[in-house]
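Just below sit the structures, each encoded as structure tokens.
Shared between the two complexes below is chain A, which pairs with chain B and chain C, respectively.
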Partner chain A sequence: MHKPSFIEKNIRILFPLPAFLFIALLMIFPIVYTLALSFTSWNLTSGAPMRFIGLRNYGQILLEPRFVDAIVRTLTFTICAVVIEAVLGTAIAIILNRAFIGKSLAKLLLLLPLVSTPVAVGIIFNLFYDPTIGLANFALSSLGLPQGLWVSSAATVIPSLIIVDVWQWTPMITLIVLAGLAGLSEEPFEAARVDGATQWQVLRYVTIPMVMPVILTAVILRLIDALKTFDIIFAMTGGGPGYASETLNIMGFKYSFEYFRMGQASVILIALFFLVLLCSMGIMKLRSSSEN
Partner chain B sequence: MNKNNRLQNALFYVVVVFISLVVLFPFLWMLSSSFKTQTDIIAWPPKLIFSPTLQNYAKVFGEQDFLKYFINSTVVGGLAVGLSLVIGLPAAYAISRFTQRRLALFILLARLMPGISFLMPWYIIASRLDLMDTYVALVLSHMLIALPIVVWIMSAYFNSIPVELEESAMVDGATRQYAFWAIILPMSGPGIITAVTLSFIFSWNNFMFSQVLSMEKTKTLPIAVYNFVSYAEVDWGGVMAAAVAIMAPAIILTMIFQKFVVKGLTMGAVKG
Partner chain C sequence: MKKILASTVVLMSSLCLSATAFAQTKEIRVLLANHPYGELLKAAIPDFEKQSGIKVNFESLQEGQLTTKLTTEFATKSSSVDVFMTRPLQEGKMFNRNGWYEPLTTQDFSDYPKNVMSVAAAGSAPFLVPLVTEWQVLYYRKDLFQAAGVEVPKTFTELEAAAKKLNSDTVAGIASRGKGAAAVTQLSSYVYNFGGQYIDKGVAVFDSAPAVEAIRYYGKLLGSYGPKGVTSMSWENIMPLFQAGKVAMWTDASVFYGQIVDPAKTQVPAANFGIANLPAGPKASSPFLVTSWGIAVAKQSKNKELAFKFLDWATSKELAAKGMLSNITMARSSVWKDPKVLESVNPGLVATRAYAAENGNPLDRPYMSAVGEARDQIGELVIESINTKGESANLAAMAKDKVGRVNDLLKDSGEYGQP
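Showing the complex of A and B:
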């Protein structure tokens, strides 16, 4: 045996060190900086020096109806989109969970929305939704239904955006649940069949409970990303009409990079940060209780 | 096969075809619109049969300099993924072999946290250091996308390689870092392909970081596509050609590496 070198003795620290420093310097430090800014009156456009103003930004933003609306909107968008995706995605996975001709092609098709550039997806759907030349209204009128304004009306903008999110991300739940279903052992299914369970009963009492942890994990991943949805909303509506589709992420972006009110923007970003944290923790708790 | 079964089977295929059409339709519409003239696009009712034209592509690549943005996206994504491998592979190895769970969670934070919560300080710092519109700022920011993916996928992959392989080399006198370099890495091809494909696609698609940190010189494709819409609100043919140009590479990569992409997207959820 040779004498261990410096690298070998400290490999546990040296190997992960660059990645650790990278995240600490480029992510954790900026987040702390954001937190610090939230207690200052800093506005990049005014040129006035940064001043410590305690909790005043928090007071101002919390009392702003636009902020409360943005929180409610973020939660509405997220919850509706993720619930629809979870139900549809699981249903499709259960349907596709058998051998059939063209299965690998079907799986390839399901991958395509996931790898598509969200900004481009948003623009394609804008062409769909266009009130005068879009296919969406053409479809409605061929069915004899009244035409809609889709993303151009405050009343329908959020559901229209949810449709886009559902189109793009339902396949992710499907693929995850399919992978989960493939990993299940055969025994419980055989036992249920021997006991004379109907197809529906097998699904309800065997399949779904067994893949529940996988479904919930997929839901956590989706939930975190849906709360942060930015690209499609920014590209399709920019938060409009008015503020009708302004989520926390969009509002934070506008306060930072359009109004340059850095102090107040920080408060919005911190709110989003905690929303993401809270939701992930809540679902993880749900998941650990479903495993027991 | 009895009649009931055959009916069920037919119904199954109807459902599968329906799902596939819903998934495919936006792509088909984008593709067909990109070959239409403006007159054909705004025709009502929408036209299914039309005489195709290449003028939209000529415009996008001729007048709009999309080739430059294409190269920018490739350079930024390539460098971000490459550097993430350099610092991410050893970290993933340490997480796997020394079960450094807290470190794994720490790096995963970059995947969980909203990008905007650190983008504003980035913007301020980049302006102060004269790093706006440089590849440095852009590549570093895209590494925050690529690194968590690399670490997440590779630590799981290293877990699947038996420890005995390095241990026997180390008994023979090799150092651990040599065993990592000469034994583990050469076996990790499939994991690395998965990590590289996925992290490159996510960097390629990223909009927010580039929107804030890049301007004319380093502008990436998603920004170019987005700007195209705001400049030329009504030129749908050009916009759709641009959308095809941006989506094609990710879709081609996905087709080539289908198995790897599925594995990468689902492994965390199924195992974790």
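Showing the complex of A and C:
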């Protein structure tokens, strides 16, 4: 009788092992390590060894008004940007989901913002937004409209950054929704038309509900990404003026690589991690209920 | 079998050969900054390699990234850096306190101004060789001054009057950095000229009446006559405006003069740009003159002999003269007296440097380990002052709060009350 070898006996463990090790090393370890760091006094500037200090970092950071402001800002930026992107992206996808001359060209042009490097986008938009020599104010004044301070004012910096995010990431939602629309079967649409539904009714009661799970998938992807936005904000404002565009990720960067307070920076990043987790879970719940 | 044996012998001998070659290669790792002098060194390194037989593995980093990389490598004891460019005022105190600089006992420092050496030594053996100095100056547009009938201001009262007169819808009267932490260095000379300081004998004192008055004045100048959006502007935002003819006066570091008059980058004829001493304040006329860049040997370097060879070469008089010819304001005093060099240097630059070398303050920011965080705290005051055109009713109370926070930082690092 054939005696099973070690590999044959343990194949259920051995096959997924590389994937498990990959996840453990590159995903679980950094999270656990960051969590462990958040309980220490590790500060690179002091040169002193790391000490366990319990929840002291949490107390200090949670009581810091700058941290609360950063959470509010992160949520404001994310919610506004993702809602606009979802609405605009879906609308563009619906418009593009019909045959017209130049459709391929339109799709290609849509891809351009997606493939642009965020730092380059940031620099170009900074030039565009410059209050004195920028194109944005030149265009506004040519139309007889009042000029803005864009990223130079605490009041307008977040909306200005949202515009950049919307410009760059709406096409991603469009492309995902377009793929979703292409996969829908024709029958419900034909049935609706036979029943005499108007175009608006078809859109409202057939298209949107059918494509909703795809929209929500796109929203989850964008949401996770928008909560963690770093490159565009860092390249354009560095979190300024003052702290007016400092999101959790930027604050975490400053605490770690400018102030070198690694323990406290870890608290900020753990907070960001849970924020992303909570928001994603919320949307996933919404998605499963929309599927049902 | 014979074939296998022969190929093993060949493989072994080639491995031995390469190991010997590896042992004989003299290599050092050097971290340079993305700075004109870093570029100059980069271009000259092949000559050094040829002369010395030492292979230089260099990396070039933006200044903030350089500090982060060095700090992380040294603090985690994982560094293989031998020589590095360093900013004495930004990281000098922290690096020196943590023992990351190798003391320089055999170098000759007689060619450097005394105030420049004060931050390169900190009471003990010098730990870095100053490379580049910069001092605060007033850049101005001669043509606009002439058209408006304005004289070059000598005092802060005259400076404000000139800014007011030159300010229009299309040209800002004056510009200076307004972007929070970045503004702290340029604000420093204003604070000194009003009779204040950031830190005195290890205690934060920028809530003193003269310091608050200086912050108010700075905010009033920029808030009333500065370019639009000045609170998000550092030098890299102001320079293009000045070069585009949108600003009449600009107070900033001397290091930008070369770029301002570069015909490839500016839309205003070079002859229309002037350079003068920063105007005097009510109490003093003491613009900063700082060592913006130095070069040091890493304490943990395992190739110290080679590292020192590179250091001596990189700080030589010959390279300093080359630097001057590339519009870099070098720290060595002798190059400022070399007639050949002076032929190509703007006389305004020479005159303002001579003034600052005599009267300048060697610090342009709070000199402490947690300088980045302290700059953010003071930066908040700058923004509040600019936003309210110097009228903020909260400024004094805010300054007091920020002083408390900076003192906490000093206490955290054990520097509180230390001269």
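Rule of thumb we're sticking to: the second predicted complex is superposed on the first by the 268 of 292 C-alpha atoms of A that agree within 3 Å, B and C clash if a C-alpha of one lies under 4 Å from a C-alpha of the other, contacts with A are read in each partner's own complex, and residues count from 1 in each chain.
Here, a residue touches a chain if its C-beta (ideal position, glycine included) is under 8 Å from a C-beta of that chain, and two chains touch if they have at least 3 such contacts.
Keep in mind it's a predicted model, so treat the numbers as computed, not measured.
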item	value
First, second, both or neither for A:T217, with chain B first and chain C second	first
Which superposed partner A:F273 touches (first chain B, second chain C, both, neither)	first
Contacts of A:A120 with chain B and chain C, given as first, second, both or neither	first
Superposed model, chain A: greater residue contact from chain B or chain C	B
Partner chain(s) touched by A:F257 [first = chain B, second = chain C, both, neither]	both
First, second, both or neither for A:G59, with chain B first and chain C second	neither
Contacts of A:I133 with chain B and chain C, given as first, second, both or neither	both
Residues of chain A that lie at the interface with chain B and also at the interface with chain C	44, 132-133, 257
Residue numbers on chain A that touch chain B, as the complex places them	1-2, 4-5, 7-8, 11-12, 14-16, 18-20, 22-23, 26-31, 33-34, 37, 44, 92, 95-96, 100, 102, 104, 106-121, 123-128, 132-133, 135, 138, 167, 171-172, 175-176, 178-180, 183, 214, 217-218, 221, 224, 227-228, 230-231, 234-235, 249, 252-253, 256-257, 262, 265-266, 269-270, 272-273, 276, 280
Chain B residues within the chain A interface of the complex	12-13, 15-16, 19-20, 22-24, 26-27, 29-30, 33, 41-46, 86-88, 90-91, 93-95, 98, 100, 103, 106-107, 109-110, 112-125, 140-141, 143-144, 147, 151, 173, 175-177, 201, 204-205, 207-208, 212, 221-222, 225-226, 229, 236, 239-240, 242-243, 246-247, 250-251, 253-255, 258, 261-262, 265-270, 272
Chain C residues touching chain A - in the complex, by the definition given at the top	64, 68, 71-72, 75, 94, 97-99, 172, 179-180, 227-233, 237, 240-241, 244, 246, 369-370, 372-373, 376, 379-380, 383, 412-414
Chain A residues within the chain C interface of the complex	43-47, 130-133, 147, 149-154, 157, 237, 240-243, 254, 257-260
